[in-house]
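Below you'll find a set of structures to go through.
Same chain, two partners: chain A is paired with chain B first, then with chain C.
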Partner chain A sequence: MVTLSNEPSAPRAIKRRNLGWLVGRRPALAVGVLLFAVLPLMANPYQVYVGNLALIYVILAVGLNILLGLAGQLSFANGALFGVGAYATGLLRLDAGLPFWLALPVGTAITVAIGLAVALPALRLRGLYLALATVAFAQFALWTFVHWDSVTHGTAGFVMAPVDFTALGLRTTTGIYYLSLVLAVLLVAAAYGIMRSRVGRALVALRESEVAAESIAVDITRTKIVAYTLTAVYAGVAGGLFAGLLNVVVPESFNLFQIVLQFCMVVVGGLGSIAGSAIAAVLLIVLQEGLRGMQDLQEIGLGLLLLGMLLFAPGGLVQALRRWLPGWTEPHSRGGDE
Partner chain B sequence: MADLSIERLSLSFGGLAALSDVDIAVPAGEIRGIIGPNGAGKTTLLNVISGLVRPTEGEIRLDGQPLTRLKASEVAARGVGRTFQTSLLFKGMTVLENVMAGMHQGLRTSVLAAAVGLPGVLREERRARERAREALAFVGMLSFAERDGASLSFGQQRLVEIARSLVAEPKVLLLDEPAVGLSPPRVAELDELLRRIRDKRGITIIMVEHVIRLVMGVCDRITVLNSGRKIADGTPDVILADPFVKEAYLGKSSDADRA
Partner chain C sequence: MLLAYALSSGITSGALYALVAVGLVLCYRTTGHINFSHGELFMIGGFLAFTLHVMWGLPYIVALLGAVAGSFVLGVLTDRVVYQPLIKAPPIAMVMATVGLSFVLKGIGRHFWGGQGEVVPFPPLVSPAPVLIGGVAVFPQQLVVVASVVVCMLLLTLFFTRTRAGKMMQATAENAHAAYLVGIRVERVYMLTWGVGAALAGVAAVFVAPLTLLTPDIGLSLLLKAFAATILGGLGSMTGAVIGGLLVGILEALAGTYIASSIQDVSAFIIILAVLVFRPTGLLGARARREV
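Showing the complex of A and B:
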């Protein structure tokens, strides 16, 4: 039996266990879900609204993390796709008369279709070129929201009747809130399932080296399409819920600030870390709401935060969590340089 | 076991010939060494075989089936594994996960099944984990399974890369300078590992290597490339004795020091 190993040292994982799983990722996420579940029982309507917004951004950030953090594709299209989701669901309700429960999945399907239309030309692009092409798409989408008056209702956007949850015995705000919570939990669980499977490993392989990925029979084009599709699903669902939460859809919600905000969540959380994206989404939404009324400060603050994280903590929140909480394991995250 | 044949292979980049008219036939179960001075086209040859670079002319066949027009991922799927000169382990994954990634082709889990978490998915993951551990044990790296790939030495990373190729059950394994940076005792262990890969797994090996001691010790036959042309082909003894080889490669290059 050969051992080309120098000395087989004990894996760190064994030491971790003793310090308890209580501070691990799963219990932390469970506590988070529990807190969100009881929030409407004790909070005022504004706080419930902020909580709901946070849940929507959890979906968005976890979805973007699949494309950006796991697959390593620098796409700026997600703010616009979020908009497509909101517009599609909203317009299907307002102008096509579909009920919300039907408009949301159909709107998501439309978002995926448009996401794929962007992805197909983007498949051949990498890095900076991909970034430029997707920024161009984002600007084009915004232009369409503003100028295609006959469909999008132009600059002023449109207002819808609140979604009706009386069939479930819930008020609109409570109904949207719990729907967002359930979808967020399901979509985060789905992201974990995907990440831990051969699909997730193929995505990370793609991120790390296309050449090495191909050498293990990973089809680059196909894997990229999977990543773009998944991210578009999350953006579509989040967009539909956003329209349902606000009952108003206006173009300026989906400008460049939107994509900076989403990028911030993924980077602050830690590229590739699902838990990190979710936690950062909640933190940044709370922060943003805290700074409401100081629009300039919001944008400058986010920019500084993004820059600071990239410079000083490229591994993101999750790397700090892994360092300080021994029970915290986080598969497949980029991890920065440890 | 599978044989690989390379017929009249040429590759030129805008008039500059990287490979010209290369013919190599590697019978099933052989360990073939490819040597030659820097810039001879050795790595390029591996890149062409694995489908990363399309040849200008010529044909590559695995068991008689042409590989030449396939994408790199399809060539890999047909049973051609490889490792790289600079380690290309996937960062952010443990050693075990890296090896499991190598099983991509053999696993069936779809995106939807993984997202929903069907019971079949977990069963397949368990099986994959087992097989990956087995491959790590085969290359002697099992005790590093839970480590971060980036924390290993170059030699260890290359062994993990070999394990990652082995789990895909390739018919042919292409190795690009597997002995770079290894101390003499480690080179001897690599020699033994390569033999076991051939004997126990029935894998044909094509290896580009500068460490002459390893090449001469383990290879059944050696092909010498110089400026993109094949200048010699034969058993180690014949190659060592070939005056043309001595002049083109062993004599003039500092690599001879390592022999």
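Showing the complex of A and C:
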């Protein structure tokens, strides 16, 4: 499989001439983090909530991009795993009495276990079968959230006590916000680390051609498992934070609309671009909040956006950034350096 | 008695799953892609029939033709807007594009018909009173559905074996390049394939409408049942899709009757996973080959 873009990259000659690097990827991400860091100081509670939601979706989208953009593997199950993460963390707090700092990592571990349980049987097969299995899993997970009353508390979901951050001298909303920010920054940095590592190169080799990857001693099955595991970790953390943000977990938060929302984030940002996913996640959460309560318009809008991007701008936002900003480089997209 | 009831309702829904699955396989065989908006084509077809028959009071046959024509046009649009432009793009892009299209159609369905099919039911075609056949109570609607599905399958078989267009479709599915070399306009065949596949979903929708509630969200669960049918029968096999569809219908009716009725909603997932684990090529599918 080849990368989606056929566009030429920014000429290397321009790179790092004068102060071009100032408008590159790293400074842009740093400014973004800074803006998010000062947001709670100047915004109203609703804006802080939207900011926090955006941070959670940054984690989700970056995680999905590892699987979809980097490894080239399809999965429709990310929204469902996001739900599993939220349910696991929430239920561990509510029914098992674990504190949040313990429930979040354990919940993430459970998410990874369930994600692998779905992916493993299908890993023997070609991409299309796996895609079908994950669509079915997404529906199955939703069904379980609703029907497994004795554990998931059924259709109405459950309410938890707010997470306590008094030990750090923070209010709950501020505490969750900064925790999300720290985790988002760490996980985005980790994604870049993975990308540049041996594992990251194996993932890209898998995307480009399974046969060629195998011929240079990339263990296909193991690499796929690594990809699914990494994505499940991101989904689990995001789900746990989501449960902490809302203090309410209901099945409909994880409905099938998540599929188009998260695909959109990855594609709008640019398949295989971590920075792109992060930027697109923030933009799309703001868009979605703008269309709040209008389900039909959200579906039509995001569906058209996904379709339009694939048809007319398959490289995503990052393609434009790379073309217009001389300092913007992207590892592992075609023509990218570093 | 319970068993007979479960079987008769299972065969009815199974026949419909088969019809939807055949449309899905038709597109897959010819184009190599699974249309993830196939379920939404079904949904729109159903609501078109609902508008024509229930809201405008036109005769059922007009509603049938209208729904079939409408979904055929949508299928052709899918070809023009999604398939042809992305024909050279990686498969992952095509899958995501059809997912995008499915949400556009779902949103359109919700915008124009949201909530209506649940409030105003689609009237049955024939008398709703059950008739006794060999001691088993069968609803006439079920007989109509099964008979219509059989007729559709026969027409489809005749189309493939007797008509020029059908033979060109077969040839293209077999080897698109060779078909092109002998003068078949492959692009047109693709367009016709998407149209016919979508029209089959439209036909199924018109028959399902009187038996169930129409909702904008009906597409996905139907798509998954059709997936289950195609995977069970072996992806790429038409006969397999028919057998798989009937089996899915019967299995879920039995599970719904003897285990718990809510299981019907996830029968597709259980069947898909079981087939993938135990017999990934399906009942009639050829051994999966790797392409380099």
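Rule of thumb we're sticking to: the second predicted complex is superposed on the first by the 315 of 338 C-alpha atoms of A that agree within 3 Å, B and C clash if a C-alpha of one lies under 4 Å from a C-alpha of the other, contacts with A are read in each partner's own complex, and residues count from 1 in each chain.
Criterion: contacts are C-beta pairs under 8 Å (C-beta built on N, C-alpha and C of every residue); 3 or more make two chains touch, one makes a residue touch a chain.
Keep in mind it's a predicted model, so treat the numbers as computed, not measured.
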**Message:** Taking the superposition on A as described, I'd like to know which of chain B and chain C A:215 touches: first, second, both or neither.
**Reply:** first
Please indicate which partner A:230 is in contact with in the superposed arrangement: first for chain B, second for chain C, both, or neither.
first
- [ ] Tell me which partner A:189 touches in the superposition: chain B (first), chain C (second), both or neither.
- [x] first
Q. Which holds for A:129: it touches chain B only (first), chain C only (second), both, or neither?
A. second
So, A:304: does it touch chain B (first), chain C (second), both, or neither?
second
*Mind working out whether A:258 is in touch with chain B, chain C, both or neither, as first, second, both or neither?*
neither
- Item | Touched partner set for A:200, first chain B, second chain C, both or neither | first
Going by the contact rule set out at the top, does A:272 touch chain B (first), chain C (second), both, or neither? first
Overlap of the chain B and chain C interfaces on chain A comprises residues 1-2, 4, 211
Within the complex, chain A is touched by chain B residues 50-52, 71-74, 76-77, 81-82, 84, 88-93, 97, 100-105, 107, 109-111, 113-117, 121, 125, 128, 139-141, 143-148, 153, 155-156, 159, 164-165, 168, 186, 189-190, 192-193
Interface with chain B, chain A side, in the complex: residues 1-6, 8-9, 11-13, 189-191, 193-194, 196-202, 204-205, 207-209, 211-220, 226, 230, 272, 331-335, 338
So, in the complex, the side of chain A touching chain C is made of residues 1-2, 4, 68, 72, 74, 76, 121-122, 124-129, 131-133, 135-137, 139-140, 143, 147, 211, 256-257, 259-260, 263-264, 267, 295-307, 310-311, 314
Listed in rising order, the residues of chain C that touch chain A in the complex are 34, 36, 81-82, 85-86, 89-93, 95-97, 99-108, 110-111, 114, 220-221, 223-224, 227-228, 231, 235, 262, 265-266, 268-269, 272-273, 276-277, 280, 288, 290, 292
